[in-house]
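In the two assemblies presented below, chain A is common to both, partnered first by chain B and then by chain C.
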Partner chain A sequence: MIFSSVFFIFVFLPIVLLVYFLVPRKLKNLVILLFSLVFYAWGEPVYIVLMLFSILYNYVAGIEIDYHRSRGMDGRARFTFWMAVAVNLGILGFFKYYGFLLENLNAILPAEIPFRALSLPIGISFYTFQTLSYVIDVYLDKVEVQRNIISFGTYISMFPQLIAGPIVRYADVEAQLKNRRVTLARFGDGTAWFLRGLGKKVLLANNIGMAYDAIAALPSGQLSVLTAWIGCAAYTFQIYFDFSGYSDMAIGLGKMFGFEFMKNFQYPYTSASITEFWRRWHISLGSWFREYVYIPLGGNRVSTAKHIRNIMVVWMLTGLWHGAAWNFIFWGLYYGVLLLIEKYALKNILDRLPAFVCRIYTMFFVMIGWVFFFSPGMGSALRYLGAMFGIGGGGFLNGTTVYYFRNYFLLFIVLILCSGSYIYKKFLQISFGGKREHKVLVLTAYLLIFLLSAAYLVNATYNPFLYFRF
Partner chain B sequence: MEQLKKGIIAVKYILLVLLLIFIASLLSSGSISRASIEQVSENVARSLEMGSLSPADNRMVKRLYGINANDYEGVSLYVSDSNMKVEEILIVRLRDTEQSKDVEAAVQKRLDRQLESFEGYGPEQCRLLEDHILDVQGNYILYVVHKDAKAADKAFQKSL
Partner chain C sequence: MATRRENQEKIDRRTMRRRLLARRRAEACRWLAGIFVLLLAAAGILNIVTKDREFSDSENRMLAAFPEFTWESVKSGKYMSEFESYVADQFFLRDQWITLKLYEDILLGKRESNGVYLGKDGYLMEVPDEPDQENLRKNLSSMAAFAERHPEVPVYVSLAPNAFSILKEKLPEGAPVRDQAADIADIRTALGDGIRYIDLTDALREHHEEYIYYKTDHHWTSLGARYAFSRLAEDMELGETETDYTVYTVADDFQGTLASQSGYHKSRDTVQIYEPAGGETDYIVLYAEEGKKTTSIYDSASLEEKDKYTVFFGGNHSRVDINTTGTQDRNLLLFKDSYANCMVQFLLPYFQNIIMVDPRYFYDNVDNIMESQGITDVLFLYNLNTFVCDNSIADVLAEEEST
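And then the complex of A and B:
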């Protein structure tokens, strides 16, 4: 089940909200847990077993670590901790990377190892990182062990952020699991976040996604330089509005149930450097890697050689987290190299350049990066890049270019405007300016987003969600 | 307290054993095929008389079925070169078995449209359409409208 579906909006969500607000306070987490399991089982009837295993195993492991540590048995606590890390990563590794590993082994070994690749359990990369954050923080004594299995299950399976994040660290919601309040203002704020996210996903991402899909399906001979750039720009906007829209919906749903999740995107396409881009893109994943991989490795308080190693390890893992394929690993390493170049060579130059030049530089490399991301393999990524730089035989522009430019020009303008903060800030000024007619205007805008999105969802068959793959 | 500790450890290992049983059952269920879509398509194409059927590109997939070939591991479509013929073969290799619902819905839509188009004046075509085969096998789907549909399905299942 996805948030941007008719069933979720008109059936599932109203029922959960109704039950949640009808039951007494002590049953609220149980309601979220049960409905979250239904939500997950809807799409993954088989892999719900894995989700239940994750909840039970990590719950028990947390108690055991705490038991040993409180009695000074550090060696046993360490063993339990590393075993829990190995089990969590083992499950992720098996379901996500086993097929990839054996495919590559078969390519280099003289004999073929027979294997069956399994389908990827939805959201496994997200919830595994959540369970790891809990186990690590309990071991490091940063958080109290959770003895209430309902609360722990609620944290792992909470449907608002279960499938596509934000990756919520246990430390951030520990207090909220015990005590939280939903006020009318917070519920309203949550609804506004949800509607903005829905609009971003359904009205913007889905529409520009159609342009990308059509261009990606063109035979390479028909792909002119400009068409390839239009296709790449279309994907650039699609992935941003798709993923950030979904994150906004998750944050909004969280607020409706009294939770505060971290912001996952902060206008990444306005960044003036790659370093800044990664501070604004998928923030919860970046901070997870910083907290649990980069800093334990020594961060930047080490020799230059070790710092380079740390950056490359983190970015290789970031690439691998996104998918079991060489193009994702390359995509991660590509960013590692760019960040190192910025830190050690370009920093002073970028500081002196006008902001708009820095933004063009950033977007250029981000768009090149997306080619590796959207391509099914390295070969097709290089072919697409070839087309973008005139090595492909499709010419500089042709009739197809004119067709896509004419049909999507206005949408591109809207997408560019919505990628920056100006429109939203103006919208907030109007919302909270105090004038009665402004409030009516804002309310109408939200109602319009809802009606248009609902109409689109009822009619359209095209409603993919890109981050389902991870 | 010692009792509690033993209980906790026992639960943990029982859970691990259950996980291994679960994984073993998934691996032995054999629903996922590693066969390449090129190979499966070739075998299916060889099993019947192709006549006017020829391979179509991804745009045609989008036009006829409304699905994006890029969303799947692979899509192979053969269509007839004449509007008056309904023979068609669609083979889809899914990324995730969950996608089968979308493909099945798209096929049903295409079938309904075709039946509507030929209803009343193309009894031959309608009969072929009604005798279509839609076969979902784990991560592979076959849709075939052809007088030799059964042979195609047999070849399809054998290739997986």
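And then the complex of A and C:
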């Protein structure tokens, strides 16, 4: 089930809300847990077993680590801990990387090992990272062990952020699992987040996604330089509005049930450097890697050589996290290299350049990066890049370019405006900042988003969700 | 001293303002929360009281019904996906939501909706399908093999180019379409010399300013079929053909499948039938599968239906036999898609028997028909867009395995 569907908004959500607010406080976590399991099983009933196993296993592991450690048996605690890390990563590895690994082994080895690629359990990359954050923090004594299996299950499977994040660290919601309050204003704030996210996803991402899909499907002879750039720009906007829209919906739903999740995006396309871009893009993933990989490796408080190693390790893993394919690994390493170049060579230069030049520089490399990300393989990524730089034979501009330009010109303007913070700040300023407030304006704006999005959902022939694959 | 007090006042003012903003925002949020919950409740009630529909006229398709609950269907996930389709298909005011979505698209400047180009002068045109290369190759080689098995009978293939290539001028500016001339050239090469290909491109293109394709439907009009017919008659050597027809307009408010698919209901089409002025041929139409006999190829009941193009034969059938009272010595086996349905009215006077076979629904052996019906001519008549995606011709033409 995805949030941007008629079924979720008009059937699932009303039922959960109704039940959740009717039951006494003691049962609220249980309600979330049960509905989350239904939500999870909805798309892939078989993998519910995996989810239940993950919950049970990590619940027991947490208690065991705590038990050994509190009795001073550090060796046993360490063993249980590494065992839990291995099991969690093992499951992720098996479902996500097994096919990729064998494919590459088969290419190297003389003998052919037969294998069947498994379908990826939804959200496994997200919830594995959540369980890891719990196990690690329990081991390091940063959080209390969770003895209530319902609270623990709620944390792992919580439907608002189950399938696409934000990756919530256990430490951040520990208190909320025990005690949280929903006020009408908070619920309304959640609604606003949810509707903003819905609009981003349905009105902006889906619409521009059609342009990308159509252009990506063009035969290479018809792909002119400008069309290729339009296609790349379309994807650039699609992935941002798709993913950040989904995160916003998750945050909004969280608020409706009294949870506060961390912000996942902070206008990434306004960044003046690649370093800044990654502080603003998929923040929960970046901070997870910083906390659990980069800093344990020594971070930047080590020799230059080791620092370079640390950066490259983190970014290779980031790439690999996004998908089991060479182009994702390359995409990760590409950013590792760019970040190192910025840190060791470009930093002083970028500081002196005018802001708009820095932004163009950032977006240029971000867009090139997306080509590696959206292409099905390295070969086609290079072909697409070729088309963008005139090595494709499609000419600079043709009739197709004109068609897509005319069809999507207006949408591109809207997308550019919505990528920065100006419009939203202005909206808040006009609504609440003047002598008189304009409540009607606010309500109209949100209801309009709801109405216009609903029209697309009812007629949903096209509703992909990019981060579903991860 | 004074500056300190000023500073303090400034800080106080800021705090006050922040509190004011927060208060206003919280107030608006409370309203939003209330309205949102009310809307969800209202939508829920409307969805429950809205009666389920079986069929959508404007979309021209069956709507999903409430799924049956079985353990198997839940385990496979089928139950869930059917449930989702059910909720979306039976959503209250579905047609109005679809119209709203279309207006949003047009407002954004899009000239395309659900795989349909919104062309000029109210013309709707299919966004071409990507050919199914593998099946296409199979179909073409099975057609060539079929012609080889029946060397005594001429096998004609004629594929009508679609509106998006013949009426290029009506497409949205620069809209990408397939190069159907290139497709035809490839197909001719693959078919080889054993088959006589009849190219309709010029015959249609010559009349591109006339009403030869429906605006709201993916078919050609009877007029388009008529121009194509003159070309066929010439290549198939049908002799002196009729040039004078009485034209009857049987519907003038037709909204075809492209209107349904796109949700764009602005244009209306006219459906016409053609009768040779020189007198009608008498014939009997036998619908093999249905076991129905009539004396007309027109189905007037269809004019009450949504899809008025089905006035020709009432739509597609696996096999239709037409026996005329004429004395011609030629019998035609016609492999066809729906484009051929309105062509038959022109072919009638020139054959003793016409056997229409639609491979998509036909599972018998065609070599038997060749013999038992004394077939003298074989014609494959399709529109190109359907033909390149067809996956049934090869199966129907397959040689019966000797047992």
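Assume the second predicted complex is superposed on the first by the 465 of 470 C-alpha atoms of A that agree within 3 Å, B and C clash if a C-alpha of one lies under 4 Å from a C-alpha of the other, contacts with A are read in each partner's own complex, and residues count from 1 in each chain.
Convention: contacts are C-beta pairs under 8 Å (C-beta built on N, C-alpha and C of every residue); 3 or more make two chains touch, one makes a residue touch a chain.
These numbers were taken from a predicted model, which means no experiment stands behind them.
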*Put chain B and chain C onto chain A via the superposition and say whether they clash or fit.*
clash
*Given the touch rule stated above, what does A:Gly433 touch, chain B (first), chain C (second), both, or neither?*
second
*asked:* Quick one: is A:Tyr446 in contact with chain B, with chain C, with both, or with neither? Answer first, second, both or neither.
replied: second
*After lining up the shared chain so the two structures overlap, which partner does A:Leu120 touch, if you call chain B first and chain C second: first, second, both or neither?*
first
*Which holds for A:Gly188: it touches chain B only (first), chain C only (second), both, or neither?*
second
*Pick one for A:Ala217: touches chain B only (first), chain C only (second), both, or neither.*
both
*In the three-chain superposition, say which chain, chain B or chain C, touches more residues of chain A.*
C
_Between chain B and chain C, whom does A:Val60 touch in the aligned arrangement: first, second, both, or neither?_
first
_Under the stated touch criterion, which partner chain does A:Phe330 make contact with: chain B (first), chain C (second), both, or neither?_
neither
*For A:Leu13, is the partner it touches chain B (first), chain C (second), both, or none of the two (neither)?*
second
*In the superposed model, identify the part of chain C that clashes with chain B, out of 166-174, 310-318 or 346-354.*
310-318
_Show me the chain A residues, by the header's touch rule, that chain B contacts in one structure and chain C contacts in the other._
43-44, 46, 214, 217-218, 461
_chain C-touching residues of chain A, taken from the complex the two chains share_ = 1, 5-7, 9-11, 13-14, 17, 42-46, 184-189, 191-192, 195, 203, 207, 214, 217-218, 222, 398-403, 406-411, 428, 431-433, 437, 439, 442-443, 446-447, 450-452, 454-461
_Show me the residue ranges of chain A that touch chain B in the complex, using the header's touch definition._
43-44, 46, 49-50, 53, 56-57, 60-61, 63-64, 67, 87, 91, 94, 115-120, 122, 213-214, 216-219, 376, 461-462, 464, 469
*Mind listing the chain B positions that touch chain A in their complex?*
4-5, 8-9, 11-12, 15-16, 18-19, 22-23, 26-27, 30, 32, 34, 57-59, 61-62, 66, 68-71, 95-98, 105-106, 139
*Show which residues of chain C lie in contact with chain A when the two form their complex.*
21, 24-37, 39-41, 43-44, 47, 74-77, 80, 83-84, 87-88, 91, 94, 97-98, 100-101, 104-105, 108-112, 114, 130, 172-176, 263
